[in-house]
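Please read the structure below before turning to the comments.
Chains: A, B, C, D and E, in written order; residue numbering restarts at 1 for each.
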């Protein structure tokens, strides 16, 4: 499989959040502002990259019986590293992401990619796949947090833009998160189905 | 005779003249008294609002029918009923665009997305009201006073009960509340009009009597018990009956056929549940009006109430041998080593980071500049931390202390207070709070904080204007303002009895 | 010294846990035959019951226990049987691929409708109040009870009549039981397939009244067929698959054009035939029979 | 006694593990197609959550704090949870196949469930005593159970409504969860 | 006034023909006598094509325990025997008889009246069986089987069903007015089959005051009690009538004789009188011809086998061009027909010509879960649940009492969304019967 397709698939075709619907917990929780969204996206990408590299290298040695605990330990260590780094260098982000940084460990995307892809493919492809998935995840987070921030608190990157029209506060609160993600996924399904029909028709 | 084309279908061939249109337009007819009362009390603006809501509801349903190529069913009255019910739930001075947004949510999201009439799980008008209440807390909780010409606003009786306590709420006589001459949303004020309207529905058997009776009964019982136990703290059941949306909810919202259980037993449990939840939210909850939330939550239980189900089978699971133990252990070994190294590197930066946050906060609340060196941390008897800012000749320039008050609307508020050596407040900075965004979190902005500048402990009544103190509270966020004042006062007390008492002694 | 404490603790923890997992799996070991699971994974998993068992899991269990070569999964067809045989170490006899045909051609143009039916769109529901929506009481009602039952969506309604989409049909036979008129039939997927598209048992005169190409039992096809593969039973012609060589002669002579040809691209093994006057050598038949395909091939 | 009641009500209703804290959304969306599987999942999560919180609390109190290796908290917790789940599963298969039949398929799902680890870490952060944190975990599990059973009831009812094509199953489920979260916000501010 | 306790609806009665007396219809040229006119196995044919038959001669014998014999309504020649449309909606083997106009009775039949007290029980039962008497209320259950219930069941009440709750139909009403004595004689014949000390009621709805007055005068001397019933559909059903009069409820899966009751229709009693006293077989019946689209509405006594087309000619033809609904039976439980050449059979209680029913517009709307069909159902089932399950998972409908449904149509009547609940329930019954049949064949 050529490299570009490997990388590309994570972003649009098999976007972990919008198409495969994995890892919804952090996606809903932290996307109140765009900065948080991006922060979480990058953190997850880092962990995904690290764990994919390690797992694809050690893929052969891990016996299938305990592969889940092994992957979890590897991922957990990467997550702790990221956790400590964030606490050290950007306390504001740490305060807003709160409990969700340690929870990257149980983010289904990382374990999913590790088990489904990294343990079976070569290092170079695993890295590409990790990057693709990571960027796809961050893109989805950015999209959702942008919508929620603009509608919810009338600002972007914490700079107020909507002036005197009072913002729709629900988008900052949990119900808004669920509904916004629901609408985005519906739109994605609508377009993928339409394009599928178009090229099926063309074929 | 041969050419007549015979229609064949399955018996029965005569059907009752009942139809969805008849049911829905009877409900509209039953809502007329409430509409008339609303217009009488709140003026033409109410009529305009009802008109806007209904037209947009029908319009959205028409668009959906066209978009999904269904046959046009938007004039069967169900959209009109939703529109009117939504309008009766709103304050009459609500901006029009919010009303249209509300009917969009009601018709498109809550009703059509779930499959249209008959399939929606939640009552559309109710879900839209809760959506608006949460999205625009300010606009939805200010109710114009009846007959007021220039739209003066006041809190609804329940709102007064929630913020001011029973004493103020009792000022409204029960009769006023019953006929509707009291602040509140269009439809819920005049209980008389609602009861009048529901008579036709009961007579034509379009609503069952079980749900309204059990709903109102449970609410009155619940509030009655607490009223009996502590008459001073909790309002009487009669007050709860006439005020707030109880009657509008019980008679028109909770009896919507589609979103309530079909069987009698289910309806009874539904009614009791709604009543109980309304009581809990009204007496203990954060929002003054509990009816909408109660009905929404019970709507979620409806599928369970008349559910039927069969059990599905599970799957097998397998395991293998010893090698796994060794590999697991060495992975544990390596990760431990890796983590130790990172912790070593990042230990100092973390400590410094926490320091910097504290210094950052301090720098914000002291009017004068100072360098890190001038900060000295002192402790009092029970280990409370004080930040003292020293001058060059290490005399005291300012003291700051971290205090908190748990009387906040959403819970605990912790602040950092800065005080001058002679006991005057410089400024304070909110470290953490759980106030409702948009309302309570206004205690953080400058306008509110400036009031405390230069105030000393004794000589000022550390209360909000309502309790004849000097702090004028934020509109519709009295509790948060009172909690903030209380926290600052506590900070002053702690500092004063550490520094000033010792000096005095 | 402080470097050792975390490493020791974590390693100790992982060791203990690893040991617990091992002990647990030893003590609580449950015997289960992995072969059945591999077979289950190979089967299509549609639980269609064509192999005669309620689900693929049960079919796999019995296949592994009895190693009976006659057990066939028609949906999987030959290559699945071959694969199963390889796994179980037995020689499976190859499954004949089946496909479904409709023994009726009464669509909007060829037949008249009985009455303006207003009710549930389901063939069984119609039978309660009317013999059929169409005037022919034996033909396909055309309201699609079979279409819903088909898992491979190989059936669709084309102006009032069921049409079989050959590529999708795997011959699982679920739709046969779902038709109240029993006009669906499973037949072998041959290259060319002729079948009589009618199942009306009324006399010719009556059938002609309500359906333009219903079989009137005129026996012309019986006379024309050299291999007596066609016979007429109470006014309706039936083609016997085993004898029929698909020469297509009966279709040509049928006055009401009620014998239809279906082509199965997948199973086609085209045999080039030398076209000579007296004996073409392709099928040991006197060449005078003009039934050969246009491109001079004889499909088997 | 008041504090116990406080913790229970807040864990089940106010900051419900799904609607307020956003923990455990993946299994919440995945397993709630039918009421029977949903209740099975709910019970499994409650059981494992309580068990896991108890063990992680002990681990934290007697291992992490004395040796000052708090940074190992995440890895130790998740390791314990993963192995615990596997051991429970093997034991369950042997002891009572019937119970295994009901809960078995959910146990592997639980290892990747944010709620279990989330609740464990939360109970550490809130500095609850041992009894209170176990109670907190059990009530969070009940909250999860309550949420998933109601949710599966609704999903089963709207299964064959003619929802627009692109809104079928996951998007409509998310919107339903949104409305449910809105309804549960009624409880906010309940505990003074 | 008494009535049954659970469910029931009030359709508007439209009993236009209640004042018109019964007219006897002249014998049409061609008669079509189908071999299925009752519940149970079709009768076995005993005549050949072209054979000459006399009026009242038996042309098909009862075949099996639950079956009834069929007689020729006229004297004439068997013209043809073939599958012909039947008012039940299926093609049935039908005997076509061309009447020769002589109306010559077969020997021994149509004797003048004899006193039934002299005949022994077996003799009476044999006459009823030979005359092919079936329940005329609409079910068509062979009466001779009904009159010999299993030995262990003790019958203590006999009810004569004069309720006639179906709209439009007034046949029983007119019969009660014009043939009161014969009906009471028939009722006492039926009563003689059971031990004395039997309580006998006659249930008549309040919308037939003249019938109630007349029956009271004639019945009370004989010791029969006339019970006035509040008009409520479906009071004509056995279970509902028993509950209305004796307050006993016939539970799920039970039959009337399980609670010691026996219900017979007014027309059946009249036919029993004619069979026992006059040895006349069941070859004609009284039915109502009504509906907006027929020129003049009538109550007619028509021979079995008369084509609907002949009846339309006798009643003056179709009144309006837009007539598009022809019903055999009442509007609630009758069946719509697709052609006019369908014969009258023993259970046809009426023929309705309804004009321009806009059935197309009555499109099925989604179910509002209003619960009105639950209230209306008189055997307290959940029609909305049964119809939903019929579409999703048919086997589960059996758990919710599918087989108790007697398809009275009350639920579909009250449904505001005009859903065809009864059709879905019938569909569920058929599919379950199929599944049972397939199950049976697999077990062999």
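Keep this in mind: a residue touches a chain if its C-beta (ideal position, glycine included) is under 8 Å from a C-beta of that chain, and two chains touch if they have at least 3 such contacts.
Computed from a prediction, not measured in an experiment: that's the story for all the values here.
Common neighbours of chain B and chain C under the contact rule above are A, D, E. With centres defined by CA atoms alone, the chain at the far end from chain A is E. The chain pair with more C-beta contacts between its two chains, of A-B and A-D, is A-D.
Chain D has its Cα centroid nearest to the centroid of all protein Cα atoms in the structure. When you average the Cα atoms of each chain and compare centres, the chain farthest from chain C turns out to be B. Computed centre separation for the pair chain C/chain D is 48 angstrom, with centres defined by C-alpha atoms. Spacing of chain B relative to chain E, judged by their CA centroids, is 63 angstrom.
The centroid of the Cα atoms in chain B and the matching centroid in chain D are 25 Å apart. For the pair chain A and chain E, the distance between mean C-alpha positions equals 71 Å. For chain A, the set of residues that touch two or more other chains comprises 65-66, 69, 73, 76-77, 80, 84, 170, 173, 175, 179. Among the residues of chain D, those in touch with two or more other chains are 71-72, 75, 79, 83, 86, 90, 93, 108, 167, 172, 175, 179, 182, 185.
Counting partner chains per residue, chain C shows two or more touched chains at residues 6, 9-10, 13-14, 17-18, 21, 25, 29, 114-116, 118-120, 125, 128-130. Taken together, the chain E residues at the contact with chain C in this complex read 85, 89-91, 324, 335-336, 338-339, 359-360, 420, 423-424, 426-427, 430-431, 434, 438. Here chain E touches chain B in the complex through residues 9, 11-12, 167, 309, 312, 317-318, 321, 323-327, 331-340, 354, 357, 359, 362-363, 365-372, 374, 382, 384-385, 396, 407, 409, 412-418, 420, 422-423, 426, going by the rule given at the top. Listing the residues of chain B that touch chain D in their complex gives 68, 109-110, 113-116, 119, 121-122, 127, 130-131, 134, 277, 280-281, 284-287, 290, 292-294, 296-297, 299-301, 303-304, 307, 309-317, 319, 332, 335-336, 339, 342-343, 409-411, 436. The touching residues of chain C, when paired with chain E in their complex, are 114-116, 118-120, 122, 124-125, 127-131, 137, 177. By the touch criterion stated above, chain B contacts chain E in their complex at residues 1-2, 4-16, 18-20, 22-23, 71, 73, 76, 115-119, 205, 208, 257-258, 260, 262-263, 308, 310.
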